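Each of the two complexes below includes subunit A, the first together with subunit B, the second together with subunit C.
Presenting the complex of A and B:
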């Protein structure tokens, strides 16, 4: 019976059963497999690996022997180091003795706490940007860029303050308090500080006008308190002549970074403008400052700025350097921003004007947010470049980190000690720049998540 | 708007004003006039201040000082210079020194950068990692620091001439600099030069012919190999046929220093080494990004068509990668040229050092000297960007 036979076959179906997979050969898995694939895949590769390993080992043992194994850690002068190990080992006591100068220059030792506090304030100011459930991040970021400099310059420079200066310092102080009050209230209630105060003082939730008025009053009270504190608060003056070391490097690059972004945006918009004269002026400025080396601009400002100003007006050397660095950085930033603007398709501009946005609105709300996102890696790259370029101010006689490191070898106690301080500040520069570049990579990955498939 | 103005006469004036305010053309003119006014006012202010300052300090303006005797010595000059020469000669010496540093630096940086860029793409993990850290460490530290460290930490600490490093009795390195033999052409050496010129012309012609034939018939001709052969063999043959008319002036140790041959000071060595190494990191990244920018599909497609691996690199990957590589590479070359101005930190006499520093301090003519220095750097970088634009137009992908 064909039917019965088929039924009988269905009882024991014929299924293909593969044999269990055999493990891969031991030479292609684990450490051995990885080494075969990545280090010894061919004869030439194996030779390269051996050569590379030889160079790496020689190099690393030399560095470690010099910096750690044979190094001298305690000595009172260079002679003592040389007597003990000669040039075979590093002489770290010189660097250790100079660390305060390398960090703060000739800033009075009893006033150094001011620098530390000001930098801690900056860290505290920026901290909410990384906290979850904080909504006003744009405002916090902007306030840090725009208002922190006033507070910081009083911490750094101190001295007498007139009415305007008092008002600006108080603004910085109020903004710092406002940032943290907003952060705390947003984390607790989800409302910014002003609105939270309005709610607490009994403004109804749906009455926007009342909320706004009360919020303004709250901010005004905060500002008045800050003004009161500022007038009662005084710090002794520390002339910029005593500024130096890593502190000065950070001040100059901080100014450059803060100024270059808005100025660069304006210059880039100017260069792309339909108005021929404005576009011509922006282009001329950008091309001039980009085509000459920074050192010539520093020299120019050093020799020419006193000539450009009214007779008898003296300009501080630090200010000359900062002006030069700012203009130089702005020209480079302008080209980066222009590149970002060019990458935005025309349709975005057309769509923005189709919904009735004017030039400034469409630029600020539609174009720039997209362009800035594309530009982040290049902007951070530019900041790194700027940070490294601040070393050039040592040539015009400012005591930045590099000058301070050179000064170690000119100190009579540590005469000729150049390599060790250079090694030390190389590590400082490397850590700063490397962290910045890694952070930018990280940011790029997070922001670009929408574009990735 | 016109009809509204006709019907309501009193409102006409305000309407015209508002239409003027809202007219983008009128506004553009207004903004530009405003900018021009601010600019002219600012420049006038600066100029009047400058004139007042200069008359108060008794500073002279003008370019007449270019003919005056400079009267200072320059430790290293590419072109002949004596202490009695004019300021204009100092300017030329500075330009020649800057260009010398730039050219040698560019060649070395390109070679190192190419090797490091390819190493970063290596399949060998160790080579790849070493190249990565080479790039990361050196490009994340300031160039000025590197220049100073090379000078004070290496070239300045070399042994005295008596204990120089000696390579083959002809090349010497010590704390006075790097000494190498100078070629001294004898009678008849010109023929070798002529032969070299002929060989270059011929190999370019062969290359063009081969390319045209390749495009027309698909038959290839080893034009690169034959070109190299021609350029090497023809001058060598001429050189030998005319009786080797070239002698070498080898530096020899006399007393405390070397005599004869050519030499460059330690500042030059430190500057070149630092510039080449620093720039090579950026070039390595450019090379890597350029090669990675060619999608892997291109290689696979070429393989599927049965193209040989060596030809895939030459005819498929490289032409596309070069389009990405060349513009940033040229801007790195410009950066290197501009960065050579850091020579002043270790005292190598480049343009900024001899002109913007020594000459400026000595003659006090700030404005003409600053203007001439800036004009030189602007001229270099504008002419390079002009060439760049021409190149970009040539290699741009023609789209629909």
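Presenting the complex of A and C:
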């Protein structure tokens, strides 16, 4: 045959015809194929599979029996539970009776609606980020991070407000209204709120300056209305001493998470800066906070910070804890971001500067988006760690979720009831952390679309 | 092609001032002397091919032209304006110079079209529609308008490099630098990139090209420069360069790559 082919090639080339594709053998596809390949590929693997399945079944049936099947659901104290099932089943009534405290700490019962409303506002604030046809997503996200805290802190804390505080709360309120007005007008007309108002009031289409002026006036009116509402609005004061439970955990970790990322980015850029002073300061900060345990930092901020402050200035204990957590988280985040920055090839900086971009533009638009994308798993891992680390604030006398769970067993009615509340808050922590990690996977998939090699 | 030429290099800007001047440029990496007393003038509209063994400083030299590398001694002057006066002026001078890299260096998180409109939007502040019109016209010039919505990593190497050329041309540069534009490409794709470069050369663009594609050099170069150990050894029109180089070092190099 080869001879014949060679002869043929002498005067006329052979035509190359690729072989048709065949389906894969049936034994390698489908559920059975998958099981054969992954669970029972050899005798020892089959044994391991069976052993693993056995352990899993024993473990989970034990937990389910304790938590659900043999559990007591109605009782008035722990004695009753023990008399009925002993220690074989969980005693849930104690946890159920304590749920308000686990969620809100010692926050007055008749004021708890404020926390719920503030939480719903946050959800509503972030909702437009997932709606299609909304274009100002960056602005909405930024406003949520920067301005929501003002609004929320008045909901949470309430009390008297001076002029500055009123202005800030009104800013939060106006921003929230602005976010939704923009969302609605973008979905209806494709224009952001300001531009849509300008169009409605008859600004000439091609005159950008006029449109901008009218948009600004619209926002200014919105803000003045918000100021008016704020001055008329008053909530009773709830001192941070009464804050606690899941609510407190979310406040601390929320601040830590939203602060640590931008601060980490700035510190990482600072550490890589070619200006020695900035680089030195950033490096010193990062290394100092990374080399000290969080507990120590919390103690330092709680006990030593007041010594350095001028007499008469008193910083709230919760604020001290939040600042400590934020700084600690920022130092860790800085090193994560620096790692991401190092993974971006030098060519990207060069290409950006060759098309005429300056340092800040190329960092913000070319380098950071790519670096943050590859860092998503690590960043979210860090967020999850931070969320759980907030349990440490209990040692400086703040009643977070973990301390509230411990308090259940110290209640005289439920004396000694420790396992059940811990099981319960384990579930809460799991749900939050699992949602975070699922969201990060989802984010990775969406951002990675079309960009994989 | 003449219409496109006019938009790329307005006739009024053609002057007797050289497009690129390197005057007594010296550069060290640590103790290593990469560029030794480089003196070079490239006239407006001239095409210069730079070749030489690896480590000879040819990439470093071309990167000094738009100041991706900074020389320790000497001056770099573009259209009569010297670099180094102020950061802002350097940025302005640099906008006249487009660059194409060996590794393409497209922005992987943006589509092909966004890669091209990006600088127009953020540096020249053009409205989106106008930027996209310019980008599409240049993607057509490099023969890949149909790939505009794809991401760079979905394209072949040759296509990516052509996008990189389009991206550089979007800023309407008067000088184009090419740093080994075909070295990272599969052999099948080298020609499609070279063709685009030949067309660009025919349109009158000032070009400095570091390459070992001697066919390209013969076809479009006005001068071929041979560098070794940080010095310009040979600087001659292509017919002289290939037929009758003055130095033995050049002859040895040519015998190895041809």
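Before moving on, here are some points about what is shown:
As a working rule, the second predicted complex is superposed on the first by the 411 of 453 C-alpha atoms of A that agree within 3 Å, B and C clash if a C-alpha of one lies under 4 Å from a C-alpha of the other, contacts with A are read in each partner's own complex, and residues count from 1 in each chain.
Operating definition for what follows: contacts are C-beta pairs under 8 Å (C-beta built on N, C-alpha and C of every residue); 3 or more make two chains touch, one makes a residue touch a chain.
Owing to the predicted nature of the structure, the values given are computational and were not obtained by experimental measurement.
Three-chain overlay on subunit A, with subunit B and subunit C fitting side by side and no clash. By the document's definition of touching, of the two partners only subunit C reaches A:345; subunit B does not.
Of the two partner chains placed by the overlay, only subunit C lies in contact with A:355; subunit B stays clear of it. Of the two partner chains placed around the shared chain by superposition, neither subunit B nor subunit C is touched by A:27.
In the superposition on chain A, A:369 makes contact with subunit C only, while subunit B stays out of contact range. By the document's definition of touching, neither partner reaches A:316: not subunit B, not subunit C. Taking subunit A as the reference, the larger set of touched residues comes from B, when subunit B and subunit C are compared. Superposition on the common chain A brings subunit B within a closest Cα-Cα distance of 5 Å of subunit C. Of all the residues in subunit B, the ones that touch subunit A in their complex are 28, 31-32, 35-36, 39, 46, 49-50, 52-54, 56, 122-127, 130, 136-137, 140-145, 148-149, 152-153, 334, 338-339, 341-342, 344-345, 352, 356-357, 360, 366-367, 370, 373-374, 377-378, 380-382. Listing the residues of subunit C that touch subunit A in their complex gives 66, 68, 91, 94-95, 97-99, 101, 103, 105-109, 118-119, 122-123, 150-151, 153-154, 164, 167-168, 170-171. The touching residues of subunit A, when paired with subunit B in their complex, are 38-39, 41, 45, 48-49, 52-53, 55-56, 274-278, 281, 287-288, 290-296, 299-300, 303-304, 306-311, 384, 388-389, 391-392, 394-395, 402, 406, 409, 418-419, 422, 425-426, 429-430, 433-434, 437. Of all residues in subunit A, only 345, 347-348, 350-358, 361, 365-366, 369-370, 373, 447, 450-453 touch subunit C in the complex they form.
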